[in-house]
């Protein structure tokens, strides 16, 4: 790591001013305020050690929108890693081929390790149970497009135990004032208690709900996540919960007109497709905001 | 689908003037009449849900020749689709990452479905037993390079039952005057009767032949397709037909000097490599014409 | 192959002046003496029929640094080759999509075959037990960065029997004066005798060593290669050799201060990571030199 190398590894590392600066830069890019030459001549190495269509494609799109080029690692099975090379060695070598690296890796801490051996900036594209800062930033960006990031009620629904996305978002929201977190999860899939403790310690109010109906009228944001079949003891338990937790137009009649529905996608059955055309449905827009957010991140670490 | 979104889904949707306009645009690009900046700053998402080296690489080459950039879906196994996402959701998300989408999909109708949910133009790169407009256009382009598209005899040889390429070409040829279609196929692999009916209804004359020798002297174009081993009841039947249907220099001595041989490639044993150097062998040139044709298509849907 | 098509297939084909010209061009690129527009508008087809992360990524990076674009074959399993297409046909078709081809192939002679049917320049990115000219050129380049390429002692350590890299480097070194080759290999993994004969016939002195300690004090370059477990009769034999042949800081205390350590990478256990920070450790720098070397090669074959 060179002295002035800028990395983006975790939203936890960032203070509110840094986050707001990135969101503001993203807003500029979202309004097409870019020339397409900001990163001309620059190369981004895209190292995805596990698949993530959306994250990979939106980082690539963001880089290209700024005039930069993409260098793909390609399939991991076909790479030097399969020959026994360490992540450190791979990162050292690829540092010589590119101007920045975005790394997606199944192991928590991989991005930080990479940043310590890289000679170019490293962006964490998600590391296992760890951080996924570009997802958190685009979630915040989407909320901020609809309302001020203060004094709001946010519902988190679905698998809150294993969902990295909601953990990271909840932690980031502690940097803002008067955010109340409403959790709606199947038994056994609630927020981990250590995270609940951290959030409470940071001054956040957490309200646990048995079902979505009791809380939906007070929510400003409903953040839905994918229920993964394999987390349930048996198929019947999954089917029962999937039906109970499904977001439908009928359910949404109980919500405030200004409430927005988010989802990190891919969505399976958690949201009825009939919701897609309702004004509250912001999840596809949310995915699209991945491009301006990642433009802001790439420009932040690579601009001269 | 936005109001003025231009898609290219099927040659069936196009009238003869639209087809001729694309062929004329392709001829211009083939003569290197482009600046390399026509689509500068534009991004083409290349979504191939089944492999097709030639189609994918020539679309990418065409986009790059016009100054544009390529955003690859990558392997389908590694994508959100594997997590249960619908094609509609994938297309909606990727609409936010690119300026146009080229879709290859095993299911007939996939491209039309995609065009209905996409917010950017969609080009059909082949959808199952359905359409493959860029292949048909490059076939027409190759014929038109050698002769006028009227009053000609075209032989279709090989697997005419399952060969999407020849179905689509035959249908497109009904838009031109006085095309006579000569079919030469193993038993059971002739043109489907519903297609024959459609062609005849459109005024096309179809002549069925038992063997290639009886028709070759009258042909202006011989279009050969790959015989797929798995279509035959047993290996011996395949071997027997493969030998009978092989195009060799000896066979071609019976043809008019001006006759041209086409093949959508890849070729296996249908054409003797000794034919490659004969002036009638246009199949590699035909593959190369894929680039100017696709430049014309991309420019048509994305130019401002 | 057109009359004036320039290929780079093997260092054996090149005389010393040609090699030195490429090394000098690479030195210029390494000092950032390029505009990023040298190959603007050009397309390089990257056809890797076997994986090679480093070679593929550094060719792509080199092409992009000169303003060019990359057209990937993608996975071989998913390509026309899987449908039975010959390499010749694949190359003929792709010649129409790109301005040059870099080919990696498991079969010796594949690159030469490709150059005979291609209508654009072909660069050999490694063909089986055959040649790998870009690796050899970057090895020479790395040595030349530290010392003159004459009157030096070079140690080759590891699997010298199957290691294409060291065979190719040794052959190239015969073009330079007073190079002494010291070989240090496990029993059964020494240089093949036909190669030894060729080198000796070309006037090179070869000294065989039992162990690294006896020769290290006289070496100017120590070139280490990966020991592949599968080359050994049993795991114990491998473990024993791996321990004996490991390069450690203690071992390097016996070397001249000016000696440099090279390795084609990926490295597994042959070099202790504690060596990485020593001034003699040039292997990561060596990998990075892959970019300027490949810039020189690409510019050589594609510049107008």
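The chains carry the letters A, B and C, assigned in the order they are written, with residues numbered from 1 in each.
Following the convention adopted for this analysis, a contact is a pair of C-beta atoms (placed from the backbone, for glycine too) under 8 Å apart; a residue touches a chain by one contact, two chains touch by 3 or more.
These numbers were taken from a predicted model, which means no experiment stands behind them.
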Chain A on chain B, rotation in degrees - Cα superposition, rounded to nearest 5: 120
Copy pair chain A, chain C: interface residue numbering same or different (half cut): different
Centre-of-Cα separation between chain C and chain A, whole angstrom: 41
Chain C: positions in contact with at least two other chains: 75
Touching residues on chain B, where the partner in the complex is chain A: 41, 43, 45, 69, 71-75, 78-85, 88-90, 92-98
Residues of chain B that touch chain C when the two form their complex: 36, 51, 53-54, 56-58, 60-61, 64-65, 75, 226, 265-268, 273, 284, 287-288, 290-291
